[in-house]
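Letters are used for the chains, namely A, B, C and D, taken in the order the chains are written, and counting of residues starts over at 1 for each.
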């Protein structure tokens, strides 16, 4: 079913829901899904509607024009998108294939509702896997002594492929601040620990050293602060004294790819709203 | 925060949300929480609102009068309740104390928002525990040869204590059909298996025999069909070959009390709607 | 580290551990891992050792000869295997790719310690995916009116490829009794429900109808009784009223492939012992 | 079944298992359970046996005398205990009752195999609950300006009641270093976060601020380093944007009491061995 997805955040007050649902009813909009969240602490209100596209008398542009006065009245941060227009997702990887292979396979069997215009990697190892899926693969090596040219090329490729969203599928390089700013709220990373535990490098080694009984993974938006961006999804798996670091890495991979796939799905379906370095996820 | 909880189920069509939210906006009702569910298969629409009571100009009775025309227009099954009016929950138990003790303790520390007018049990073992909490305890033994008098007394006690809801906290007796009918949608049971696996007696023994790797518990509304009523909540815990039936019983108890406490909480907060032997749970 | 894996089941009595560990110590065998299980109900004892191969003065054949008298003395069912000799696993699939792709990828990145001599499928859809991995693909269609020729060919292929083990990665056909018998304890299936709930066809539809709050998957050995063989591994995922059957199918796929991958790993590492239609899994 | 529990840690080498199991076989000791762990990183070996007491010709003292030469030969850190001798556990609490009530109830229904000689609390609130269980309650207020006298009294009470083990069931006071040292490896704490995330005060507030999607609890041995001692058990529960800090506190309580109860059970059954600030837990 084709829907329009209307996403709204605004200061909370009486009458928001009535105003919006009145607007929709006026145009005979059939609400398929609706979610609300009133955040007491910040005093903000969040709202997501899925409206059957065929019940409405206008296209996206018409919707935007008609809705703008209401949005202005309530000082809304808002967007409306068409479920039939697939988001363009650029995947970035390094040598580890588990997250990339998982996303490619989900896309291949039509489980991930997006287009993947290309994959960018700092190593060439995964080229064949990507190309089997009919997706262009760009090898952009990163010179540790001068990373700038590589990231300029990465940025150029992202722009050239008109990406709506970038996924760091275990890319293993830290994006420079200017890229973080440029694509704010549009770059999704998977960190291989249960943040805020074990920020930075080699989290499984840190976990083994600390003797934790659960390890995890965190899917989050990238910000300039390393591993500190808004969290979309997390998950954990049990470990024990029997597990070596290698076992943790192996079991962790399953958690990483699951958390990333769920987080990306939420993003693609416009279910995630960022506010104050936290997320509202209408799952 | 005191709220009115408005619960609605009706055949799905355009304009329901607008009508209801308009109604609320007309009276300056401040929506604190709102949840919707459109069930494609049955064509029904479900809705739950929490509205700040102090934002509305009327009491429950006034609300009901004002809302009735809308409810009739849309053929709604509906109710409105006041969060400040605690539901009256009669607990029923047998000899096993884990579920009863858990509920009593949650109530004692104000975590369960209800009144417990009395506990009814077919054995006298748990009297002292109940009475320590200042709650009347009724011992109603069930004669296996003639159960009718006991259930007549149970029914009389439930009515006398004006129960809104009855919880079978491992009561271990099957309620007769007439009681199931009389208190339809108001009797909550905890079954010690992951239904529909292991219906009936001794589910942990059945589970051990089958060699399952997870055991569970199911919180459900009681109907005349044994262990077949609408499911509110389920949970599981991992077991292995090392676990004897006694271990399963012990670990299962933790799952039972957790699933029951969560299910009861949903019921008390008017989050559960029954439809077609299934539940919509607005958690 | 190369190890010999010694797996033993026998009637329980005093002195088994001493006898076996004495035997190992006599030959300076360095025990890397050891697990024991004494099953009170059946009176059987189960044991698994991993011994460093380079600490022993003999090869597998020498081990077998030296150990046989002890095995006979204690009426042991036993086997010893060499971790350096990879098991040969034939995968069988139909049209759904999620389990197959997952296993192939784990094998591809050296996470599954086995050889995959071929994939057999009753549809041709997954040929390209399999062949990209450099693995022969056999399309053996099953004629619903006369399935015998297809299963004869399947059996011939399994034998020709000297399979130690067969994995039904959502094969969607019921193996005939003679094949079940011939490969007893060596055919692993993934059933898309939390057995014993929802045996047979379309378990997610059954689950949706029953309104369960968790769905699951079961990895088990195939026997002549449909979906009733010894369970190796199970897992579940939470669902709600918001999930349609399609959502359950999608979420279920993740549970299926995880449960299957874990179950197969246990089997490949000789961690699973079958007894009385149940399993001991030394994880 | 009454058993002797033999717990051993020593540098790894060939022949340990043989030596120990030979010793047991010599005296016709019937091994009920046995667990081994060879830690590659540290080069240590860990071992736990449960031997049927009635199969052995000596009591604990006799066992110790007979086994000492072997222990010396292999430089073992070891102990043997009698399952029939219940450990004496002093519980310490403050105002929050959830962990205390949970442990008391488990003890009351014979699920926790220990004696509870007394409860010590820095507030008097929980006296009645404790005394209903027939357990002495000591109110030892802690003067924030001079905590020393209180902790001297706490130490005196622990000694007077001959505690084998102390459980901080949300005691909310930091034990002074001398007490940590005096009862090293014998004081179990429950921290209300998934360590090492959110060390210190108000972890749920920290979690809400960071916007995590799972919260947890950690059961660990107390050391002089705050919240940094060896972890015995951890668990988590999912939260979302809908959960306020109050909701997190409530849901967290369930995780806290479960993690503490499991961790304490492991300790009581001599399943936990501490090494290098980590634990081996033979569950």
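The rule is simple: contacts are C-beta pairs under 8 Å (C-beta built on N, C-alpha and C of every residue); 3 or more make two chains touch, one makes a residue touch a chain.
These numbers come from a predicted model, not from an experiment.
Peer 1: How much rotation, in degrees rounded to the nearest 5, is required to superimpose subunit A onto subunit C on the basis of Cα coordinates?
Peer 2: To bring subunit A onto subunit C, one rotates by 180 degrees.
Peer 1: Measuring between mean CA coordinates, which chain is farthest from subunit B?
Peer 2: Computed centres place C farthest from subunit B.
Peer 1: Comparing the two chain pairs, does A-B have more C-beta contacts than B-C, or is it the other way round?
Peer 2: Here the pair linked by more C-beta pairs in contact is B-C.
Peer 1: Can you work out the whole-Å distance between the CA centroids of subunit A and subunit B?
Peer 2: Comparing mean C-alpha positions, subunit B is 37 Å from subunit A.
Peer 1: At what distance in angstrom does the C-alpha mean of subunit C lie from that of subunit B?
Peer 2: Going by mean C-alpha positions, subunit B sits 41 Å from subunit C.
Peer 1: Counting only residues that touch at least 2 other chains, which ones in subunit C make the list?
Peer 2: none
Peer 1: Flag every residue of subunit C that touches subunit B in the complex, lowest number first.
Peer 2: Those residues of subunit C that touch subunit B are 37, 39-41, 46, 194-198, 210-214, 216, 230-236, 240-242, 244, 277-281, 283.
Peer 1: Okay, in this complex, where on subunit C does subunit A touch?
Peer 2: That would be residues 97-98, 101-102, 105, 108-109, 111, 128, 132, 250, 254, 258 of subunit C.
Peer 1: Which positions of subunit B touch subunit A when the two form their complex?
Peer 2: 14-19, 21-22, 24-26, 28-36, 38, 55
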